[in-house]
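All remarks here apply to the structure that follows.
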Amino acid sequence: MTLRVGVIGTGMIGRDHIRRLTRVVSGAEVVAVSDANEQVAKEVASGLPDATVHVSGEDLIGDERVDAVLVCSWGPTHEAYVLASIAAGKAVFCEKPLATTREACRKILDAESAHGSRLVQVGFMRRYDESYRALKDVIDSGRIGAPLIYFSSHRNPSVPEHYTKDMAIVDTAVHDFDVTRWLLGEELAAIRVVAAKANSLGKDLQDPLLMILETASGVLVNVETSVNIRYGYDIRGEVVGETGTAALADRGLVVLRTGNQVGVAVPEDWRQRFIAAYDVEFQEWVNAVASGEGATGPSAWDGYAAQVVCDAGVEALYSGDRVEIDLGVKPALYG
Amino acid sequence: MTLRVGVIGTGMIGRDHIRRLTRVVSGAEVVAVSDANEQVAKEVASGLPDATVHVSGEDLIGDERVDAVLVCSWGPTHEAYVLASIAAGKAVFCEKPLATTREACRKILDAESAHGSRLVQVGFMRRYDESYRALKDVIDSGRIGAPLIYFSSHRNPSVPEHYTKDMAIVDTAVHDFDVTRWLLGEELAAIRVVAAKANSLGKDLQDPLLMILETASGVLVNVETSVNIRYGYDIRGEVVGETGTAALADRGLVVLRTGNQVGVAVPEDWRQRFIAAYDVEFQEWVNAVASGEGATGPSAWDGYAAQVVCDAGVEALYSGDRVEIDLGVKPALYG
Amino acid sequence: MTLRVGVIGTGMIGRDHIRRLTRVVSGAEVVAVSDANEQVAKEVASGLPDATVHVSGEDLIGDERVDAVLVCSWGPTHEAYVLASIAAGKAVFCEKPLATTREACRKILDAESAHGSRLVQVGFMRRYDESYRALKDVIDSGRIGAPLIYFSSHRNPSVPEHYTKDMAIVDTAVHDFDVTRWLLGEELAAIRVVAAKANSLGKDLQDPLLMILETASGVLVNVETSVNIRYGYDIRGEVVGETGTAALADRGLVVLRTGNQVGVAVPEDWRQRFIAAYDVEFQEWVNAVASGEGATGPSAWDGYAAQVVCDAGVEALYSGDRVEIDLGVKPALYG
Amino acid sequence: MTLRVGVIGTGMIGRDHIRRLTRVVSGAEVVAVSDANEQVAKEVASGLPDATVHVSGEDLIGDERVDAVLVCSWGPTHEAYVLASIAAGKAVFCEKPLATTREACRKILDAESAHGSRLVQVGFMRRYDESYRALKDVIDSGRIGAPLIYFSSHRNPSVPEHYTKDMAIVDTAVHDFDVTRWLLGEELAAIRVVAAKANSLGKDLQDPLLMILETASGVLVNVETSVNIRYGYDIRGEVVGETGTAALADRGLVVLRTGNQVGVAVPEDWRQRFIAAYDVEFQEWVNAVASGEGATGPSAWDGYAAQVVCDAGVEALYSGDRVEIDLGVKPALYG
C-alpha cells in the first residue's frame, strides 16, 4: 500500500520534498534518486533506508521499484522526464514549469492524451493552501454573487541577484495566474502589463508591475507584483462579487499589543507561508496515486495554460499592448 | 439662544473646556471665570471676547449673565459649588468627582430633589464616546442576548509620581464602574479586588488589579486596571451575552504593513482616545440646557453611585473580602 | 467674530449644510438663503432666527450682511455664482463640481487669479476625513517609503434610476481622483478605463469599472468603482510604498461575535461614512474665512483638475484607449 | 522504523485516532485493538491491514507486536491500562483524564518513577495547536515583559443533556488549566469560582462561570466558561504582560464583506478548531517514541496536576471560597 517514489533532482527543493515524503506524508517512501550531480544524489540516498541512486532520470523512471516519479530538476529538463514517465505509464509529479515552451507543453498534452488517462500533476501548491481553498468555497457558495473582479497581490521582501524583469511574470505572477484560473473556473483571455514608478530598492527591474487580465467571461483580474517590498512575504487576494467581496485573511496567530501598535505577524518568506500547503499537496497526490485514482491535482493542461499566459504576459510587458491569449483546442482528457 | 457659561477653575482641564465651548461647540460662550489663582483666571479671561473675572466661585454663580456653571476646580471644592448652583437654580456641569464623600453626594441629591428638577450633570465622558454608544446599541438591540459578563480593561502606559494604590480604584476604575452601570442599566451590588503579581515598572503600587463586581441581577463585571503597561492607552470592553459577545473595536485608522507586522495604532493617552467624546458631551449639554430640557447626561445619582462603589472598592482592596454595595434609597427625581 | 453665511440652493444638501452651520459648527450663522424654488427657500428661512430670502443667487451675493457664500445649487449654475462671488470679493464654498466644463473652470481660475488671493473652496470632503488624514500622515512620514501604487475602491450598495454610465467617472470616481492628487501631492497624467463583466444588478451600466491612472512621476493609481454591490458603502484605499503599505482601516466600532462570524459593521451609505468629515470641513472653512486667512481647503485649481481628469476618463471609457491628461499652465496663485 | 500501536477503546475518539495514525501520521501503524464491545473492535480491525483483536486491554498491552499503547477507553479504566503499560515497559498515550482521582494519579507517578524514565503522555492537545505555540513563543521571547494576568475564555455553542455543572470545571476548564500551566511554566496555587447570572439557554447549570486562579508566583488567571453561547466554539486567550499583551488571534481564513458586515468565520465545534493540533500531537508522539526518546509531551505529572486543580475547582464551586491547591512533592523524574 505504500507508494514508492523516485525523485529526479536532489537540490534544495528535491531534498525538502524527500523529507516531506518520508517524515510528514503518510503512505509513501522514497526508493530511488538521481541528480545531475551524482555525488549529491548519493549523499541524499545515504540518509534514506533503502534508496537506489540512478545515473540518469531515465534510468530512475525505468526502475521497477519506482511506482511514481517526482521531477524537481532544472526547468529545461522537465519536458523529457515527464514524457519518459508517460511513456513508462507512471504517475509523475512535476514542479513548475511543466516545460519551458508552449510547444513542449503541447507535446506532453498529446502524449498524455494518447495514453488515455491522467498521469501528470504540476506543482501549483497554492491550490492546497487552506486560505485559498476557503476562498474558493466562498466563491462557489454564491455568498458574494458572481465574481466580477479579482485583485491578487504578490509581494516579496526581496529577490536574488539573478532575478530578471521577465521573472516577475514567469516565476512570480505565474502562481497568481494559475490560482486565478482555479478560483474562477475559467480561462484567461487577455493581458496588459503596466509598470509603476520603479522601486529604488530594485531599480534595474521594472518593479512593481500591475497586470490587468480578462477571463473568457469578462472578469477582470488585477495582479500586482512587488518583489522588493521589504516588509514581508505577503500574498493577498480579494474577489469582488456582485453583492459582496471575499479576501484572504491575514494569518498571524497572535495579536500583539506593544509600542502603540496592535497587530499580527506577516510571513517572512514563502516557506513559512506555504509549508502546510506543500504537505497537503503531497499527501493528496500520494493518496490519489496509491488508490489508483491517478493524478487529481493541477493537470498538464494547467501547466500548459500557465505557460501560454506567461508568454503573453512577457509580450505585453515589452510591447505595452493588450495581448490576447489563445490556448487553442483543449484535448478531451482535460474535460 | 447662546448659552452663557461661567467656568470655575481655569487649570488645564478648565482651559481645555473653555477652548471647547468657544471654538468647537455650537451655541455657547464663556462669560465668566474664576480660579483659586486669580492671576491665572485673568490671563484666561484676556483671551476671551467678553468674560468677567470673579474672585470666588460663589460670585461667579451669582453673576446674572451666567446661565450655566462649569465646575473644573479641585475635587474637595465641588460639593460647595454644586450646592450653590442648585441654590441659584442654575444648571451645573461638574467634573468628577461629584463630591469626595458619600455624605456630601447625598446632600447634593437632597438639594436637587428639593429643587424638583435636574440641574446637575457629572463629567463621565465615556457615555459620549461613539464606541461605547455603539456597544450599548448592540446590547439594547438584543443581538447578543441578555448580558451575563462584562470584561473591562483599563490600561495606561504609566502614571504620575503622586499616584497611590487607591487611585487605581478611585481615579481609574471609577470610569469603568460608571460606564458599566450605564451599559447594563443596573446598579452594582458587590465587589472583590484581587492584586496580581506586581508590575516591576510600578512596584510600589498594587498593579495590575482585577476587580470582580456583581450587578443587582447577577451579571459579573471583571475590571482590569494595568496602569504601567507602557504599550499604550488602551480601553477595552467585551460584553458576553447569552448567544454572542460584543466588544469595543480597536480604533486605529490606518492598517500599516511594515517590518513583518500588520496592524493599527493604539492611542498614546486619554486625550487622544476621548477628545471627541468630550466634544459631544459638551455639545449635548449645551443643547439640553439651552433648550430648557435641563441636564440629560450623567446625574447626581450617577456621581453618588460611583462614589459609593469606589468606597466599597477601596475597602475590598484592603480587606481582601467581598464587599456589598448598599446605595440606599434612590430619590424619585432620578427615576 | 461670527461668520455670516449666505446659502444658494436649499435642496437636501443645502439644508443639511444649514443645519451643520447653525447647530454643529462653532462661529457661523446663516443670514441669507435663495433657491430656484422660492417657496422652499422661504420655508428654510422660517426655521432660522434671522435669515433673508433672496430671489436670486446674485442678490444674495450682493447682500451686505453676507460675509461668505455657500453654493449648493444645481451643477450648471455653479460657474455663474462662483464668478459673481469672486467679483464681489467674497469667500465662496462651492459643492462639486466647480463648473461643468474645463473652459468654465478656467474662467474661474482666471477671475480668482485676477483677484489676487484665494476666495474659492471646492467641496471635496474626503480630505477632511480622519482616516484619509491619517493615511496621508503615514505617507508623508516616510514609514512605507515612496508611494508606487495606490488602490482605491469606491463601492456603493446601489445607485438611483437616473445614474448613467458616465457618472461612475464624473460623480463617483471624481472623489477618488481628488483624494489621490491630495494624498500623493502630484497631478494625474494619464487614464485607461476597463469595464469588467457587468453586475447583473445594474446591467445597463458598465459596472464595475477599473481605471488605471498614472501620476506625473509614474505612480500607478487603480480605481475600482462598484456601484451596485449591495453589501454596503465601502471606501477603501491602500498605498503600496517601497517598503510597506498603508490602507484605510475598517471603521466598525463594535466587534460582534454572533452566528459563527466575528466582525464589524460596514457603513450603509455615504452620510454615515462621511458625516464627520463634512463637520470638520465646514468648521475649518469657517475658521479660515473668519480669521481672514481665506480659503485653505481644496482650491479652484483642484476643482479644475478634477474636471479635466473626468473629461479624460469619459473619453477613455468610450474609446478604450489610454488618454493623456493635459492640465495646461497652473496659475501662480495655486503655487 | 514504523511504530506499531495498539489501541484500547474503539469508540468515536479511538476510531478517529486510528484514522489519524494510519492515514495522516507518518511512521505508524495500528497492529492491535480492543474494546469493551468486542464486536465493535472486530469491525474496526476489519478495516485495517493487519490488526489483532484482543479480548482485554491487558492482553493487548502484552502483545509482543505492540510497541506503544493508546488508551481511548472510558475514564475510570485509564488507571489500570496506564499502570499495566508501565509494568510492561511500553510507551502509553492516555487521553484525558490520566485517572479519575488524585490518589490514582499518584500511583501512576510512583510507578513511572520506579520505572525510571518517561513512558506516559497525556492527551492535552492544545499544547500542539499552532496558535497556542505562537502565543508561548511570544511570552518566552520577552516581547510583552513578564506575564501578570492571563485571560482564558472557553466558549461552546451548547453542551449535551448529560452535562452537569461540575463538568464546566472537570471537562471544560481542565484544558484551560493545563494550557495555563504550560504557557506560564509554573503551577497553579489557588482557585475561586464565581457563577454569573445563568444563561437561560442552559439554566440548570451554573453557566457561565468565572474562575480566578493564582499561580505560584502570583500571576492571576481568569478563566471564563460559557458553554451555551450559541455563536460558535471560540477559544480565546490573552496574556497581559508588564509592557504589552499577546492574544490568540481569530483564525478565520476569509474576510467576507456581505450584508453590512465585514469579518471572518468562528469555528463551529472543537473538531474544526483542534483537528490540526491532534495531527501534530500524534506525529510528535510517534516520532519521539520511535526514536527512543520516549514521551516528550504532557506528562503524568501534568495529568496529576490537572486532576488536583479540578478537585480544588469543584470544591471552590460548591463552597464559594478561595481554595488553595497543594500538589505535594514533585518526583524527580518530572524535573
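To keep things simple, chains are lettered A, B, C and D as they appear, and every chain counts its residues starting from 1.
Everything below uses one rule, namely that a residue touches a chain if its C-beta (ideal position, glycine included) is under 8 Å from a C-beta of that chain, and two chains touch if they have at least 3 such contacts.
Owing to the predicted nature of the structure, the values given are computational and were not obtained by experimental measurement.
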item	value
Topological distance between chain A and chain D, in contact steps	1
A-B or B-C - the one linked by more C-beta pairs in contact	B-C
Distance-maximising chain from chain B - centres being C-alpha averages	A
Interchain centroid distance [CA atoms averaged], chain B/chain D, Å	45
Centre distance in Å when chain A and chain B are each reduced to the mean of their C-alpha atoms	58
Geometric centre distance via CA averages, chain C-chain B, whole Å	38
Residue list for chain A, restricted to those that touch at least two other chains	231, 243-245, 252, 256-259, 264
Sites on chain A touched by chain B in the complex	231-232, 234, 250, 252, 256-268
Chain B residues within the chain C interface of the complex	1, 22-27, 49, 130-131, 134-135, 138, 143-144, 243-249, 251-259, 264, 283, 287
Residue ranges of chain A in contact with chain C within the complex	145-146, 148-149, 151, 153, 194, 196-201, 208, 210, 212, 214, 217-220, 222, 224, 226, 228-231, 240-245
